[in-house]
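What follows is a set of structures to go through.
Here chain A shows up in two complexes: once beside chain B, once beside chain C.
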Partner chain A sequence: MEILSVENLCKNYEKFALKNVSFSLDQGFIMGFIGRNGAGKTTTLKSMMRLVHPNSGTVTILGKNFAEDEFYCKQKIGFVLGGVDYYPKKKLKTITNVTKRFFPEWDDEKYQSLLNRFDLDSEKRIDELSAGMRVKYSLALALSHNAELLILDEPTSGLDPVSRDDLLCLFQDLIEDGEHSILFSTHITSDLEKCADFITYIKNGEIIACTDKDTFIETYRLVQGPVEELNPNLSSKLIGVRKHKFGFEALIKTIDLPMVARIEVSAANLEAIMVHIERE
Partner chain B sequence: MKNLLYKEFKLATHPTTYLFLSFGLMLLIPNYPGYVGFFYICLSIFFVFLTGRENRDIFFTVSLPIKKTDAVKARCMMIAIIELVQILIAIPFAFIGNSINPAGNLAGIETNVAFFGFVFMMFSIYNIVFIPLFYKTTYKIGIPFLFGGIAFGLFYVLVEMLVWIPSSIQTFLDTTNPAIMLQQIPILIIGIIIWFAVWIITYKKAASNFEKVDI
Partner chain C sequence: MNIVVSSTSELPIYQQIYDQISRMIVCGELPNNYCLPAIRTVAKELRISVITIKRAWEELERDGFIYTKAGKGCFVANHAPEKLSDKRETMALEKMVKDVEYYKGLGLSAEDIIELVKEAY
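The block that comes next holds the complex of A and B.
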């Protein structure tokens, strides 16, 4: 079942625009929303949540139009920009005590078990939590009001490798029941390698790919070879060419693979794909 | 709305608000301009917005399942409550102050019925300038406070002038004579009506400004 659908989301600023952003996510999956800094990831997420006013477009959560059923949709979403960074001097229990009043489906037992699971002390202040713990606390809040869709903006930014891995494993645990889904934006491609089922790639405010991760990676190959092989026909197919003293290196779509003996072809990973696409 | 008000008082209210509420005590000070104590509440309202910005209150609030306009309404209601409480706290001190300073207030208007009517009007003026101006951006706080403070100050000067310039108005306003204070009741009622009507306009204008803001 489709938990999230974004159709033709547009937002115009003076020097930047989201152009017809569309993608969808089914229940029980993790989607990585990838793009370089300033590509429009946060603007897209904020437009989806109507924190910024999109010029046009529709966002549907579990079949309901977000603009028309904002209250219902917000009950079903846990939205986190980074980690919890509001009211840093307040204790967790104070924030929770305020937050839970707004959610009729709030489950205190679940909240307590999540605090235990994440090793969170409700007597601590927000600013006493590490970046990873802040994300976990926001997840605890979201899951306790039975949010089915978690929208997280760069949740792994600033985390050490161990905390990142810990969090990514947690994401995978969360979706195992088939009811929860996660959309998280990041520019850390290794996060996506580890846990994303689907990739949505945004560049300069436009979605340039929205597919399952394996297909996305299989779409591209890395090629390298001597500069002499760079004829106009091949050059037109290469993406993000980088020349160096030993030759060139570029990305190419798998369907455009050249049959040239002197060109070395290898599998691309997400980071290489991103670097070459952004170099273009 | 009940939950949002709970949030306002539990998270957003700055501690100085509770301290400044007690500044009704300043009405006990002999020969002191009585309106000054009430400006402290305007200052505490400024602090609420200032710390709200630093604590990312707006992001927290609009992430909750509420309407954006209700976030503004709850804030406006919180302000109305603290203004009313400030006035209620001040009333007994006005009585006590008048009884322990029988010579009257040489530094301005006597703390009488008309005085409280003017306080309501001052709060109205501050609210309608400061609050909608803040919700135009949700991050610029100094300029709205400056304009709100100037508007409050200009009205303060105007009403104080009424009791400084010798006239029948001065005689009518600058007294604690019970018989005249009874005649001042319409000023108090007009003050309350203006305060309430301006509160509604302030909320609507602020909510409309906030609707247009990208967070």
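The block that comes next holds the complex of A and C.
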């Protein structure tokens, strides 16, 4: 069942525009939302949540139109825009007591168990928490109102490798029941290599790919070879070519692979794909 | 049941899992009607995406290694012993075709290869 669908979302700014952003996510899966800094990831997420007003487009959560049933939809979504960094001098429990009033389905037992799991002390102040702890606190708040869809904006940036790994483990625990789903934006592609089921790729405000991760990675191969092999036919198929003193390297669609002995072909990973596509 | 997945291998991850499970089935390590763990559990434990495991399971089913009971899970298919050795031979042959290509490239004759295989075994 579809938990989230975004159709033709547009948002125009003077120097930047989201152009007909569309994608959808089924229940029980993790989708990674990738793109460079400034590609429109946060603008998309904010437009979906109506934190900025989109010029047009429809967002549907569990079959309900977000604009018409905003209250219902927001109960079903746990939205995390980075760690909690407002009211740094307040204790966690004070912030929690304010937050929970907005959610009729707030589950105190669940909240307590999350605090334990994350080793969070509700007597501490926000400014006493590390970056990783702040993200975990935001997640605890988001998960305690029984959200079915988590929308996270770069939850892993600023975390050390161990905390990042910890968080990704938690994501996979969450979706194991097949009911929770996660959409998270990131530019740390190795996070997605591990746990993402689907990839949505945004470039200059446009979605250029939205597919399952394995298919996405298999669509491309890396090629390397001597510069003499670069005939016009081959060159037209290469993506983000880098020529250097000793040859060239580039990305190519698997279907366009040349049959040339002197060209070395290897599997691509998300990072290589992103670097070459952005270089183009 | 042990599964080892390497993210640096040239083989796609679903293929690595497919290879290991089909091997366990062919050599009888996983008996007939053995219940495979749930896809989502495997994904979580191995830290791999659900879709990847699903694909490995689908390929195993397509090739007749396992079958699905709706709502119950996936099970190792009932293989008669002679069917299993047939499968084993097919799998071995597929691999050998690739290896022999490589040895031919080195300029070895069939006899040379057989001698070397005996020595290595």
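Following the convention adopted for this analysis, the second predicted complex is superposed on the first by the 280 of 280 C-alpha atoms of A that agree within 3 Å, B and C clash if a C-alpha of one lies under 4 Å from a C-alpha of the other, contacts with A are read in each partner's own complex, and residues count from 1 in each chain.
To be clear about the criterion, a residue touches a chain if its C-beta (ideal position, glycine included) is under 8 Å from a C-beta of that chain, and two chains touch if they have at least 3 such contacts.
Keep in mind the model is a prediction, meaning the values are calculated, not measured.
Visitor: Identify whether chain B and chain C fit side by side or clash on chain A in the overlaid structures.
Guide: With chain A as the common anchor, chain B and chain C both fit in the superposed model.
Visitor: Applying the touch criterion given at the start, work out whether A:T94 contacts chain B, chain C, both or neither, answering first, second, both or neither.
Guide: Touch status of A:T94: first partner only.
Visitor: Classify the contacts of A:L51 with the two partner chains as first (chain B alone), second (chain C alone), both, or neither.
Guide: Touch partner of A:L51: chain B, not chain C.
Visitor: With the C-alpha centre of chain A at the apex, what angle separates the C-alpha centres of chain B and chain C, reported to the nearest 10°?
Guide: So the C-alpha centres give an angle of 160 degrees.
Visitor: Applying the document's definition of touch, where does A:E278 land relative to chain B and chain C: first, second, both, or neither?
Guide: neither
Visitor: Determine, under the contact definition given at the top, whether A:E218 touches first (chain B), second (chain C), both, or neither.
Guide: Only chain C; A:E218 stays clear of chain B.
Visitor: Go through the superposed model and pick first if A:F79 touches only chain B, second if only chain C, both, or neither.
Guide: The first partner, chain B, only.
Visitor: Just to be sure I read the superposition right, which of the two partners does A:E179 touch: chain B = first, chain C = second, or both, or neither?
Guide: Neither partner.
Visitor: Chain B and chain C, closest CA-CA distance after overlay, in Å?
Guide: Least C-alpha distance after superposition: 30 Å.
Visitor: Spell out the residues on chain B that touch chain A in their complex, using ranges where they run on.
Guide: Residues in contact with chain A: 3, 6-7, 10-11, 55-57, 59-60, 62-67, 212, 214-215.
Visitor: For chain C, which residues are in contact with chain A within the complex?
Guide: Listed in rising order, the residues are 7, 10, 12-14, 40-41, 43-44, 47-52, 55.
Visitor: For chain A, which residues are in contact with chain B within the complex?
Guide: It is residues 46, 49, 51-53, 70-71, 74-75, 79, 81, 85-90, 94-95, 97-99, 101-103 of chain A that touch chain B.
Visitor: Show me the residue ranges of chain A that touch chain C in the complex, using the header's touch definition.
Guide: So the residues of chain A touching chain C come out as 28-30, 168-169, 172-173, 175-178, 193-198, 212-214, 218, 266-267.
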